[in-house]
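One chain, subunit A, appears in both complexes that follow, with subunit B as partner in the first and subunit C in the second.
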Partner chain A sequence: MTVKVRFFARFRELLGTDIVIDAPKGKVLSELIKDIAKKNKEGFDAIFDEHGTFREFVILMRNGKRVEIGDAAKVTVVDGDEIAVFPPVAGG
Partner chain B sequence: MIRIQKDDVDITVLINSAKVPGTGAVVVFDGIVRDDGITEMDLEAYEDVAVPDMEKIARTATQRFHLLHVDIVHRIGRPAVGENILVTIVSASHRPDAYAGSRYIIEEIKKSVPIWKKELTRDGG
Partner chain C sequence: MFSERERERYKRQMMLFGDEGQEKLKNAEIFIAGAGGLGSPVSIYLAVAGVGTLTLVDKDVVEQTNLNRQILHYDRDIGRKKTASAEEKLREVNPDITVRVIDTTIDETNVDNLVGKADGIVDAMDNFPTRYVLNDAAIRKKIPLFHGAIRGLYGQATTIIPEKTACLRCIFPNPPPKEVFPVVGVTPGFIGMVQVTEMLKYLLGSGELLTNRLFIWDGMTAHAEEITVARNPVCVSCGKKKVQVRKKK
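Take a look at the complex of A and B:
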């Protein structure tokens, strides 16, 4: 199944964006992001702490809806999902 | 009009369109790229979420502060020092509502809408 992952701001600079992944059935959100982030240590460290836990300021969205980082290990992605990962916003 | 765009904004046009029947006050907020030793700002948005978020903020502000008209234009791309970043224009029958509505909109945008800005310096930082 195909899932699109979009990183923004600093995370985009380190990991790219609009990454299309062929994810296996049953893949959870946290593992999906970890797999992608592993390609760049600095990018991984920006999102995860030394225990591999999401840093508390990281914001996750699935199809435009917020997912709490504490739930990311329980949320299973499905075909066609768009996942967004970004740091705190700073518009205006 | 709620919009994210690269191009600059014609504020005069927006002010005129905000003067709908019943208007007694128009408040303009114009956020500018400040000269903090930078050359330009790099602005990025998650537009699929940011536009609906700003539309929701505008709806809430309209109800709460009895606004008659709301425009929000947030720029992306690379505006230079002195250029507009964010323009909000609200109209209301009375001045207190227009001021309060304008303030509410900018504070909510800063709090929750997925838009980011990065300062670019002369040395490429």
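Take a look at the complex of A and C:
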């Protein structure tokens, strides 16, 4: 099944965006993002801490709806899902 | 009532808003937190639109490194207080409005007094801790908050109507790490214009606001996105447990 992952802002600079993944059935959201982020250590470290847990400011959306980062290991992705991963920007 | 000069000044937009709309803008008071990258374009465009009273708060002095984006301040202002520089420019931009400036740091102890009876609060800050202070004050005082933030060529904006829409902490429960952020002036210019457009619509009571929606701009790819956001029932700022009333000094 096909899932699209979109990174924004700093995450996009480090990992690219609009990444289309052929994910196995039953794949959970947190593992999906980890698999993609592993290709760039700086990108991985921007999103996950040293324990492989989402950094607390990371925002996850699935098909335009918020997924709490604490629930990402329980949410299974399905064919056609569009996932957005972004950090808030803080400058002004 | 408008003077002849005001009628001429606002002629082209009164074609859109009418006397009644322009009067609403004239009677409005907007609180602008920050006279930097976002605060500069926001205050200039509120001033030229004829928003009657602008209160601008900032604690910093103008530095050379500010000048690539903080368009209220000129080379000659380096070393001056941003509030003094801003007041001078805004009065020249539109002598028919009232400009108040306050040279202080916004914190939990003074925010309620600083905001006063404003009709709207503009988030033109450069850090999340102060944004949360503004957010909580907006909720306590039931005043709309117009959020904007930028980094590099990325920006985000949303409009918060207390008790009705997601607040800043519903959307961003945790701040990103502190940093010296890269920025080019066009990004706060762009996001500032989203904030001002929102404020004008709010004051005029027209159009559709950017509520429960997070607008995300990527200038590098020229893509604008929108993400639906919702109130968090257990939000520490606007959830059932009300925001604690701060002690006033």
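The definition used in the following text is that the second predicted complex is superposed on the first by the 88 of 92 C-alpha atoms of A that agree within 3 Å, B and C clash if a C-alpha of one lies under 4 Å from a C-alpha of the other, contacts with A are read in each partner's own complex, and residues count from 1 in each chain.
The working rule: a contact is a pair of C-beta atoms (placed from the backbone, for glycine too) under 8 Å apart; a residue touches a chain by one contact, two chains touch by 3 or more.
Keep in mind it's a predicted model, so treat the numbers as computed, not measured.
Once chain A of one complex is fitted onto chain A of the other, the partner contacts of A:44 are absent, as it touches neither subunit B nor subunit C.
When the two complexes are superposed, the chain touching more residues of subunit A, out of subunit B and subunit C, is C.
In the superposition on chain A, A:56 makes contact with subunit C only, not with subunit B. Residues 8-9, 12, 59, 61, 64, 84, 86-87, 89-92 of subunit A lie at the contact with subunit B in one complex and at the contact with subunit C in the other. Interface of subunit A with subunit C (complex): residues 8-10, 12, 56-57, 59, 61, 64-66, 84, 86-92. On the subunit C side of its complex with subunit A, the touching residues are 34, 36-39, 123-128, 148-152, 154-156, 171-179, 181, 183, 188, 216, 218, 225, 227-230.
Against subunit B, in their complex, subunit A makes its touches with residues 6, 8-9, 12, 59, 61, 64, 84, 86-87, 89-92.
Taken in their complex, subunit B has these residues touching subunit A: 31, 43-46, 48-50, 52, 74, 85-86, 106, 109-118.
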